[in-house]
Amino acid sequence: MASEAVVPIKTDIDIVAARQKGRELATVMGFVSTDSTLLATAISELARNIIRYAKNGEILIASVQSGDRVGITVVARDNGPGIANISLAMQDGFSTSGGLGLGLPGVKRLMDEFHIVSDVNKGTTVTIKKWKR
Amino acid sequence: MASEAVVPIKTDIDIVAARQKGRELATVMGFVSTDSTLLATAISELARNIIRYAKNGEILIASVQSGDRVGITVVARDNGPGIANISLAMQDGFSTSGGLGLGLPGVKRLMDEFHIVSDVNKGTTVTIKKWKR
Amino acid sequence: MEVPILKQGLYLIASIQAALSDVDLLHLRDALAEKVGKFRARGVIVDVTVLDVMDSFASRTLRDLAHMTRLRGAETVIVGIQPEVAFAMVQLGLTLEGVDTALDLEEGLAFLDKKTKRHTSRG
Amino acid sequence: MEVPILKQGLYLIASIQAALSDVDLLHLRDALAEKVGKFRARGVIVDVTVLDVMDSFASRTLRDLAHMTRLRGAETVIVGIQPEVAFAMVQLGLTLEGVDTALDLEEGLAFLDKKTKRHTSRG
């Protein structure tokens, strides 16, 4: 049941497309409805950060397996400006754009796993995972 | 009146068991009720950190004596990932899990003594003490 | 996706019909702020029942909408936030602080009737 | 430990009967968010009188619960926090900011009556 989709993120409409793709896969894989919602919400936040800070990028959505667990991994990547201070960016309320500053720390709370790599002037990659319950 | 109990911490139910054990000993030793509550609350935080960050570990609860003072010492230990930057972890609001980040600094405020040792990839041991008033 | 805005008595009712893009949400916000004046509305209901995701942008835009209509003399109530959506919002840290909410359209109307102290008939 | 949830008029009352595990607390949160819709409740009371420990997880879960029900149109009030528990919470830094509290069930009912502006009889 391996499945993978890449959604290019260029305009605000792609944010909707990406999160719907995520929900679709979660539903097909039999995720409980709450977890599909959490996943779709997380994708929405990551996609918007791409548009807002990096102008464009892509979101990969794939099923993963580890032992007898199955889950969904989402990789949001861009070649944008990167994040200079990741631990600062991960704090509730921190924003360089006058935003709410809840996106990154919030996504971390929504997911089972969260990983971020960022290089200034090179780009940002956020990898998240949600396991099926 | 030496007394010692070890509570294995594996699931969220063990958190309740550990803090009840702590309160029990405090009551038997004649702690004022407020201090029993502070101790039980501290144990609850440490036990939850074990589950959350190290998956499992144990909590030792023992009576201690020093001169004519008696008290209770609690040792929470795990072989989990450890803490890379302890002074950061001891700051109010610092959390790597999107949590409130009040556990460790809060426990320190609740107790008379607080000591933490942690090695990355080896584990964490927190030792706390409350003296009987 | 244009969101239809109905006038019902002193209220405006915006019933979101499908997923909205960020631009759609901004349009909705601005359209309501403008229509409140045009129709001399006292209350606004935004029905989000069909929204399966309410992220930080949507929350913020709805909050701004509520504040804008209030400055124009109309109370806004958001209705229909589903339990799972509420859960995701709270985990993100989005609480719509300072914005009124009600279970559904019916409760929203009752809320506005009370808040605008108009017990006269609508419609 | 399932927490019994009683319906009393427009309110739901959850009376915690014994120490709750983290999972129990999450169940309570989700059950209330769902039942608010089912019973069209306007208010929720969570009675924590018997809890002898309120740690950061419990505080956070009660806060989330209050925010979730509010997004669904019902106000939540936490009642019965014991003095010693309150002391420990404050030492930890847990203030339940943004969450309403009252001394006991009676005060909680009075608070909800005022907040939801329903002075009609309950029950």
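For the reader, a short list of remarks on this structure follows.
Every chain is named by a letter (A, B, C and D) in the order it is written, and numbering of its residues begins at 1.
Following the convention adopted for this analysis, a contact is a pair of C-beta atoms (placed from the backbone, for glycine too) under 8 Å apart; a residue touches a chain by one contact, two chains touch by 3 or more.
In this text, all values refer to a predicted model and were calculated from it rather than measured experimentally.
These two copies of the sequence, chain C and chain D, are related by a rotation of 85 degrees on CA atoms, to the nearest 5. Look at where the CA atoms of chain B average out and do the same for chain C: the two points lie 47 Å apart. If each chain is reduced to the centroid of its CA atoms, chain C and chain D end up 26 Å from each other.
Centroids built from CA atoms put chain D at 33 Å from chain A.
Among all residues of chain B, none touch two or more other chains. Judged by the touch criterion defined above, the protein chains form a single closed ring in which each chain touches exactly two others. Contacts between chains, counted with the stated touch criterion, involve the pairs A-B, A-C, B-D, C-D. Chain contact summary for the complex, chain B toward chain D: residues 12-13, 15-16, 19-20, 23, 33-34, 37-38, 40-41, 44-45, 48, 92, 99-100, 102-103, 105-107, 109-110.
In the complex of the two chains, the chain C residues touching chain D come out as 79, 81, 83, 85-87, 89-91, 95-97, 101-104, 107, 111, 114.
By the touch rule above, chain C contacts chain A in their complex via residues 19-23, 52-57, 59-60, 84-85, 87-89, 91-94. Residues 93, 97-98 of chain B are the ones that touch chain A when the two sit in their complex. For chain A in complex with chain B, the residues that touch the partner chain are 91-92, 105-106, 108-109.
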